[in-house]
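One chain, chain A, links the two complexes that follow: it is found with chain B in the first and with chain C in the second.
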Partner chain A sequence: MAVLSVSDVGISFGGLRAVDGISFGVEPREIFAIIGPNGAGKTTLFNVISRIYEPSTGSIVFDGRDITRIPPHDVVRAGIARTFQNINLFDNATVLDNLMLGRYRHHRSGVLRQTLFTPFVRREKLADRRKVEEVIDFLELGKYRDVLVAGLPYGVRKIVELGRALAAEPRLILLDEPSSGLNVEETRDMVFWIQDMRDDLDMTVIMIEHDMSLVSAVSDRVLAMSSGRMLALGTPGEVQRDPGVAAAYLGG
Partner chain B sequence: MKFYKKTSYTEDFRLFRDGAAAFWYALLGLALVAAPFVLPAYYLSQLVLIGIYVVAGAGLMLLSGYCGQISLGHAAFFAVGAFTVAVLEKHGVPFLAAFAAAGALSAVVGFVIGLPALRLSGLYLAIATLAASFIVTEVIVRWESVTNGASGLNVAKIRIAGWVADSEPKLYAIVLAVALAAMLAVRNIVRAPLGLAMMAIRDSETAAQSMGVPLMRVKLAAFAISALLTGLAGALYAHKLQFIDPDQFTILVSIEFLVMIFIGGIGSMHGIVLGAVFVIALPQLVAVAKDYLPAAVAQQSGLQAAVYAVVLLAFILAEPTGLYGIWRKIKHYFSMFPFYRKGSLRRAKSFAKSETW
Partner chain C sequence: MDPLIVFLQAVVSGISIGCIYALVALGFVLIYKATEVVNFAQGELMMVGAFFAYTLVDLGGVPFVPGVLLALLATAAFGVILNHLLLRPLIGSPAFTIVLATVAVSTLLRAVVAMIPGWGVETHRLSNPLAGQVVPIGKLVVSAEHLMVIAVTVVLVGALYLFFSLARVGVALQATSQNQLAAGYSGIDIRRMFGLIWGISAAVAALAGVLLAPAAFVHVNMGYIGLKAFPAAVLGGFGSLPGAVVGGLIIGVVEELAGLYAPEGVKNVAAYVVLLAVLMVRPQGLFGISKRVRV
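Let's turn to the complex of A and B:
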């Protein structure tokens, strides 16, 4: 039983079909990679799943619930968190505050209680802080805890963004090019973290990735896209051998 | 040099950073309580104005400093608060009820003005709030049967169950209490999830939304709370002046509020108070300086506005973190002495900035 099923999703901008008739299902605890040349519509597909864009056709069902029309801020409440290709952090806040915001979906207190900072709010905050510390431990961000995000190196910001998504405790996490801009060592860490997310945190992972060695190392299945359409879907080996995929990359 | 060794998670979000900070704030509190007994009447009166501006500034800081929504319309909330309390008291409503109503009505107006904010940002939002504030002042001028229009309204002294605030120290006591409550409320919001959500909206709406922040609700809450506080400040202001007319609530007041939080230090609690002290003290300093300036300059009517402009420009260019930033640097200098280096508090410019547009 697929945890996420995307059926016949399409979206056009003006006359351009950015994503056209994409259908696939992702199994629980699967690591699912999406590859394709630039402009293939991979990020657009992510934006449709996380409801930043309105799909023109098709439907998205997550965990048995149709999320095609829910408000964008409810996507993470449903259990889907994401990272962005160009790192979208809160620059004027510390690493800790960025991660704390990842907990936002778990809050129950209203405006009045927060204005009075009642013991209930304090308890919620404390529980969040504990959870965030687990994420800090997991990603080894301890030494950056109280540092402003704006001043951090690119690789660290990337990991902070991953941490913010993890802090939300999603069941499904969408990673948009997790290894771009990372050095070799950081990329290797990323491989371990992605595997740990599945093995230890019971998450399902969908990632857009260009680094084929990372894709073959961690992913169970791969979806190849080009010009908004599906080219191939299968194990990394199958997709790499697919003649259509090679043609799309080499322009044949 | 001071090191913070945290031993509990609650230290990340408690009211004061540590015992030493709490001690200094307690001392400041004592000084504020002692002020009416030691300060001459004139200075106490200035302190009352500062207190009123702190309440308004707390409101605007929450909206513009933390939530990133620039408002050029806060004079409108100030006016709504002032006229509501004046009109209600004229009809015999007791102060506390009128005061609460002033806050509530301002919050409602803030909510309504906040609605366009859901689709606008930056300059466009500033213009929209400016336009909205013109509408509000126009309503106050035209609605003569209630507000007495352009001729203004006399405001009685504050009366709470038989107790009358008929002297400056009594008014000061009320203003101080409201200002402390306003600061506490804003501080609480800032350290609660709601404040974090506001700061998230300021830095990246897309990311905030993707982490579950309902943009519409949080922005409207920021507008309403901000307007509520500014309205309460307006109600106190009416009692301070004892006479109000619509001319006192022009765009210049809105600009003064913005200047206040910018110069105080955008996005900081200290900035609210430092900014309020600045905008109240500056006209006095200008008045004193007039005696020493050549007559040709001193006689100019726009002198004060010009000084505002120069100071504001100087801050934007040289010290964007405002008076609070200067204060932090001074503290840092002494705590690091003699190892202070010029660049040690400079923010690293991030090259990735351009990627986020």
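Let's turn to the complex of A and C:
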């Protein structure tokens, strides 16, 4: 059974149909890529799934639960984490603190217990720290642990943002252009990490990506979009051979 | 009298009034950091807090300390309600609209307070257990009220520091102030955080009102002290909590010294002169971080 089902989702801004009649299902432990030319509505679709935008039509069901109308801060509690195309981190905090905030959804202690710093809070904090250290090891961020995010190079910040999403231990992770701005070596690392997220961390991955070599290397299925609509859905090979997809990219 | 003693006396009372500027400035900065709104009703929240304390302690007969604590709680609740009724519906509007709404709130609060029987436009005295007592420190004679203002400010700033660095809610507030989008997707309920910050900020303002009352009485226009606290916040860099405190202290001390040594009238403009001088050298304020916006 699909872990995420998107049914007939559409959204308009004024008269513009930014996303129109999109339906697909993503299986557990699948790596699912969304491709398309600029302005195709890929990020808008991500923003609808993660509840920044209110869809005008359709529904989104995650893990058997309708999440079409939940508030944005409940998205991560439901088990969906995401990264952003233009990196959203807490710039004046260290890498460690950024990852620790990724653990926020797992906290159970209330304000009173927090203030008194009871043993329960202590244990919770220790468990968080252990999980965060696992993520730091996984992404090889050790040498940046105590560095302020604002001073880090773009490629590293991108990985820190991925780390914060992983620290939340989501079942589904949404990656918006994971390879943009990365150099060749960093992109190769990204391929391995995405595969490990599925193989070792049991996650389902949906990513928006322009780099077709990365898409072909890791994705099980690809959804191609253009002008808010679905062009093709299938294996990377099938989608690449689709005449409509080629036409959309070449402006035909 | 020894000129050094005169100087030190002025410095102590400057620090004391500076603490009150600092508390009001902290209120400005807290709300601005978390919500990117400059709340021009901050001085009026302070006034409302002082009236709550006056009503409980002097009209209601509640002992001073519990009365003041109740007044702080009541003002915090008032801040939360204000945010809920007036500012939450404006989320997503241009910043200018929201700032003007706070200006409207400040005018409205002054008008409403003036209409309430027992409050009105008269000057009230908030009774205070330390009234008239003095503490000699060497050759200095310091009023107990001044010492209380300084002590309470130190304790409050310390408590706020611990809250923001240790408590989970405090950390969540910090995260919200740095990046709302990222905070939301880490599972932080931003609307709840906005309510909370308005509550804290209103309580801090109320405390400033109670501390100011012995020196300036409780009056419908006492909120105009915000006009002095605002430069204090700007001086400190506006986004910085320690900056607000240091800015408040500098303005308080400069004012007192100007009153002592400079010609009549300079005292009233001293805050703005200092502000202009500092901004010419450091446009981002003393503790501000200069941000370059990439275009």
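What we mean here is this: the second predicted complex is superposed on the first by the 252 of 252 C-alpha atoms of A that agree within 3 Å, B and C clash if a C-alpha of one lies under 4 Å from a C-alpha of the other, contacts with A are read in each partner's own complex, and residues count from 1 in each chain.
The rule we apply is simple: a residue touches a chain if its C-beta (ideal position, glycine included) is under 8 Å from a C-beta of that chain, and two chains touch if they have at least 3 such contacts.
All values derive from a computational prediction rather than experimental measurement.
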If chain A is used to align the two complexes, do chain B and chain C fit next to each other or clash? clash
Between chain B (first) and chain C (second), which, if any, makes contact with A:157: first, second, both or neither? first
For A:67, select first, second, both or neither according to whether it touches chain B, chain C, the two together, or no partner. neither
With both complexes overlaid on chain A, does A:89 touch chain B (first), chain C (second), both or neither? both
Given the touch rule stated above, what does A:11 touch, chain B (first), chain C (second), both, or neither? neither
Scan A:148 for contacts with chain B and chain C and give back first, second, both or neither. first
Regarding the shared-chain residue A:239, is it in contact with chain B (first), chain C (second), both, or neither? neither
Which holds for A:166: it touches chain B only (first), chain C only (second), both, or neither? neither
Per residue count on chain A, the busier partner among chain B and chain C is B
Of the partners chain B and chain C, which touch A:133 in the superposed model: first, second, both, neither? first
For the superposed three-chain arrangement, which chain B stretch in 19-27, 145-153 or 343-351 runs into chain C? 145-153
Identify the residues of chain A that lie in both the chain B contact region and the chain C contact region. 50, 52, 71-77, 81-82, 84, 88-93, 101-102, 104-105, 107, 109, 111, 114-115, 117, 164, 168
Help me check something: in the complex, which residues belonging to chain A touch chain B? 50, 52, 71-77, 81-82, 84, 86-93, 96-97, 100-105, 107, 109, 111, 114-117, 121-122, 124-126, 128-130, 133, 148, 150-152, 154, 157, 164, 168
For the complex, give me every residue of chain B touching chain A. 9-10, 12-13, 185, 188-189, 191-197, 199-200, 202-204, 206-215, 221, 225, 267, 347-348, 350, 352-353, 355-356
Residue positions on chain A within touch of chain C in the complex are 50, 52, 71-77, 81-82, 84, 88-93, 101-102, 104-105, 107, 109, 111, 114-115, 117, 164, 168
Can you list the chain C residues touching chain A in their complex? 166-169, 171-172, 174-175, 178-179, 181-190, 289
